Amino acid sequence: PEFLAAFQARIDAEEKIEPNDEMPEGYRRTLVRQIGQHAHSEIVGMLPEGNWITRAPSLRRKATLLAKVQDEGGHGLYLYAAAETLGVSREEMTEELLSGKAKYSSIFNYPTLSWADIGTIGWLVDGAAIMNQIPLCRCSFGPYARAMIRVCKEESFHQRQGYEIVMTLARGTPEQKAMAQDSLNRWWWPSIMMFGPHDADSQHSDQSMAWKIKRFTNDELRQKFIDATVPQAEFLGLTIPDPDLKWNEEKGGYDHGPIDWSEFWRVVKGHGPMARDRIKARKKAWDDGAWVREAALAHADKRRARKMAAE
Amino acid sequence: PEFLAAFQARIDAEEKIEPNDEMPEGYRRTLVRQIGQHAHSEIVGMLPEGNWITRAPSLRRKATLLAKVQDEGGHGLYLYAAAETLGVSREEMTEELLSGKAKYSSIFNYPTLSWADIGTIGWLVDGAAIMNQIPLCRCSFGPYARAMIRVCKEESFHQRQGYEIVMTLARGTPEQKAMAQDSLNRWWWPSIMMFGPHDADSQHSDQSMAWKIKRFTNDELRQKFIDATVPQAEFLGLTIPDPDLKWNEEKGGYDHGPIDWSEFWRVVKGHGPMARDRIKARKKAWDDGAWVREAALAHADKRRARKMAAE
Amino acid sequence: MALFEALLELADDHLVLGHRLSEWCGHAPMLEEDLAMPNMALDLIGTARNLYAYAGEVEGKGQSEDDLAYLRDERAYRNLLLVERPNEDFAHTMLRQLYFAAFMHPYWQAALSSSDETVRGIAGKAVKEMAYHIRHAGEWVVRLGDGTEESARRMKDAVFALSIYVDELFEEGAGDDALPSRAAIRPVFDKTIARIFDEAGLESLEVPFPQSGGRDGRHGEGLGHMLAEMQSVYRAHPGASW
Amino acid sequence: MALFEALLELADDHLVLGHRLSEWCGHAPMLEEDLAMPNMALDLIGTARNLYAYAGEVEGKGQSEDDLAYLRDERAYRNLLLVERPNEDFAHTMLRQLYFAAFMHPYWQAALSSSDETVRGIAGKAVKEMAYHIRHAGEWVVRLGDGTEESARRMKDAVFALSIYVDELFEEGAGDDALPSRAAIRPVFDKTIARIFDEAGLESLEVPFPQSGGRDGRHGEGLGHMLAEMQSVYRAHPGASW
């Protein structure tokens, strides 16, 4: 308890906690879970966007999409590295992902069904992710905070790219405009749900707030996101698929219609449309790659042995 | 020798040899090789055409192509059955195909590179096959002769369908006409080569002729094919890619330019452009299907055992 | 336009499943199946053609069967999720076929007494084909379920993978009086599957969270790739005849 | 038009190989390779874009890089057979990459002294990238060749499968004075491969019957499927901007 108080004092003083510092087991566990989940989301997130690399309708778009998906892999890499500082290996985390024990962001269990989805994901999904992640740049755990600074910088670049794709479509042929609207229709609610349940129904929040792992509540972040996004949609001439959405002068923000929480929980619990396909794809990549990883280890061992023999 | 003379007398009297009849080992061996090769050709021949089923540009064409490829599988089936009457199993023959020991028609080691190839294969390749096969309907070995009657009937239907596809293209847009001409350019010489080397260079011919397995020489059949095909090409307004092709009034047939025999032997010896891919595809189908074939046997055994136990 | 929409749904089901089956062509586990699968594909594509042709007629805008098949993108396709699922292995393919045929057989049977003559005609041909598909696919489900350890495992994997797409079969979709109720088919379907699963030693799975969305064009990610390939030549030559 | 044709050949090589590499995206054997392969793909696609853009300029008919990439069918593509070969496994993919880079590195090096300024510019960027590709793919060829029994077997299979496509690299193709001789590259290429194969414990194979034809558009059957997918959206919306 003395230690806990001292630890909380460091947190309150906005000191960064570093891997070798003593920390409460719950703090460590929460971070391992959260950073792992975040890393997995980056990795699984490569799949829905990767689905359009081979069909991207211009070479320029193909290149930027490839670069984007690569960046996501890179984010996964720093995040796994940040989690590893807390004593879990990337291999362990991967096994947890593949066995279904570890979660990842539910949004990636929706399918990408048109080129417009590549734009919309950048605009809405990366937009929502940034809202969630900017406060994490000031997270009390140093390695996570530092990883997030880098991640956020790249994500906001992706968000602008996504918005620009949607803008090109919204100003394009009638078919392209319809494609953009259809995509917004499908992604709006899942994006809104990315902020999690209403504050009243959120489990881990209070302790995470105290530990400064989290700095805003789900509803606060959701509100910020909606307020930022509605004018962007208006600028594009697209309609947000929420008939109840309207400006609330009093609170200085938008009110939105009711969220379908049964859909939310269904997807969170692993029954989203693409959930099985995602894990299957990752498992296949992992299993098919086993011989490569083994060969790399075997070769490194051989090299080491030869070097020692030569010395 | 007495037996050989009696056997030859039956052949000369145009009697059919049946599976249970005594026959010279060489006769049996020649037939096993030839029927097996013919069966394998039908099976491997499913691949180049199968390559366009998923892209056939109308539902009607898709259906007729599927039906055609299915017919080829059917021909493979009767031919394997005919060979089985001579005491080799389908399994043995398949192993020989996959190991590269048994041959199949070299023509199928060329790739299908446009929709027009589906027409051209029907027109030229099936056309050449029919020239080769019509005499086989009178082959001295009964089961083979009977299988060939059925095969020839279906092949001539395919040949007409193929010609009709090419005709549609030749009368279509400029792009379609160019596609048809390009396809003819690629398939003409390989089709001409389907009749094998010049008579002077042909190994097995004499004995096969005596045994009435074969009834015309390679060059005779090739001449028939060219004479039948040239007017068809003219009717379509397509140009046969042989600048030396011209009518020879004296012999009442066309003279053709020199055949590239180095290309011929290269492809016959297994170095055609698609040779490795074809065997690989068949091997994959066979290996991937092993568990299905095993399960079917295991289930049949279980059923039999249960039935016996019940009796 | 309910009839047009309903015909399109059915046509898409048949075409997409027929296309999936046709992908096996030349790659089947045995020669007999290299004949049987194209055969079933042909039945399905034949029915799809009749349905598209009639849909085009009902719509009355001069769209041909090929226009309807080749010029709509994945969001416009209305097929069930079940039929677009990838072939995976022979166990998945046969189970997918069984599920579809066990539904369509009683569906076409009911359609035999449709008020619409063309529908009755299509149903008359299709009902016999579907009886054969149930028999053929059902026999394989039994053989594989009650074959080797490996085949039984694969069959169980297929049941796990595909059963989440079964409920969608019974959603009414566009619906039209000329066509049978889908929900009403459930008991007959369940009986067929129960009989075959029983013989195969397979258990049906409870499906608390079935998947659907195909009727609204919310497909999986595989369909778009299938259509890209299927439509490639047709789209590359606008207006050409084939 | 020799320069136009020659640029198109080069551009097609880069695009097709980049596309093949990009198919790995999200499916690599380890996360590091989920970064490295798109990275190499980006290099290749970047070079392809520069080459197409310049080809369009040289041709002078107003064709954009996308017109050249998205509106030509498989018979019009001029790429080497090597680059269109399917990914198969990681061993095949790395060997294919090594063969290509071991050729292109000295090629671009020679192109640095081209009479054509644009070519020199493209070469200047590409030569550094190709050095990295040789290093990256070469290290993997060594690791796999000298790794486990399985990896060595797969590496040998890859050499067997791909070596028949190597000779085509040195065929002059369309050729143009502004671009280096291809045949002249052979000794440097052979040295690079010999060095890496030696370290990997691999043997080079004699190839009595090399395959070629890509420069005349006589491809394998895989390229058409690749292009059908690649061009699907572009072709479905003629004239649209993206």
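For clarity, chains are labelled A, B, C and D in written order, and residue numbers in each chain start from 1.
Everything that follows uses one rule, which is that a contact is a pair of C-beta atoms (placed from the backbone, for glycine too) under 8 Å apart; a residue touches a chain by one contact, two chains touch by 3 or more.
No experiment lies behind these values; they were computed from the predicted model shown.
*Asks:* Name, by label, each chain that touches both members of the pair subunit A and subunit B.
*Replies:* C, D
*Asks:* Compute the centre of every chain as the mean of its C-alpha atoms, then state which one is farthest from the centre of subunit B.
*Replies:* A
*Asks:* Round to the nearest whole Å and give the separation of the Cα centres of subunit B and subunit D.
*Replies:* Chain centres of subunit B and subunit D, defined by C-alpha means, are spaced 36 Å apart.
*Asks:* Find the geometric centre of each of subunit A and subunit D from their Cα atoms only, then give the gap between the two centres in Å, rounded to an integer.
*Replies:* About 34 Å, centre to centre.
*Asks:* Touching at least two other chains at once: which residues of subunit C meet that condition?
*Replies:* 73, 228-229, 232
*Asks:* Touching two or more other chains, which residues of subunit B qualify?
*Replies:* Touching at least two other chains: 55.
*Asks:* Quick one: do these chains touch in a line, a ring, a star, all-to-all (complete), or other?
*Replies:* Chain contacts: none of line, ring, star or complete; other.
*Asks:* Which pairs of chains touch each other?
*Replies:* After working through each pair, the chains in contact turn out to be A-C, A-D, B-C, B-D, C-D.
*Asks:* Which residues, counting only subunit C, touch subunit B once they are in their complex?
*Replies:* Where subunit C meets subunit B, its residues are 15, 19, 22-23, 25-35, 38-39, 41-42, 45-46, 48-49, 52, 65-66, 69-70, 89-90, 142-144, 146-148, 150-151, 154, 226, 229-230, 232-234, 237, 239-242.
*Asks:* Can you check the complex and tell me which residues of subunit B touch subunit D?
*Replies:* The contact residues of subunit B facing subunit D are 48, 51, 55, 111-114, 182, 186, 266, 271, 273-274, 276-277.
*Asks:* Please give the residue numbers of subunit C that touch subunit A in the complex, ascending.
*Replies:* Going by the criterion above, the answer is residues 73-75, 161, 208-209, 211, 213, 217-221, 224, 228.
*Asks:* Under the stated contact criterion, what part of subunit D meets subunit C in this complex?
*Replies:* Result: residues 73, 225, 227-229, 231-232, 235-236, 238 of subunit D touch subunit C.
*Asks:* Going by the contact rule at the top, pick out the subunit A residues touching subunit D in the complex.
*Replies:* 43, 46-47, 50, 53-63, 66-67, 69-70, 73-74, 76-77, 80, 90, 115, 165, 168, 172-173, 175-176, 281, 284-285, 288-296, 298-299, 302
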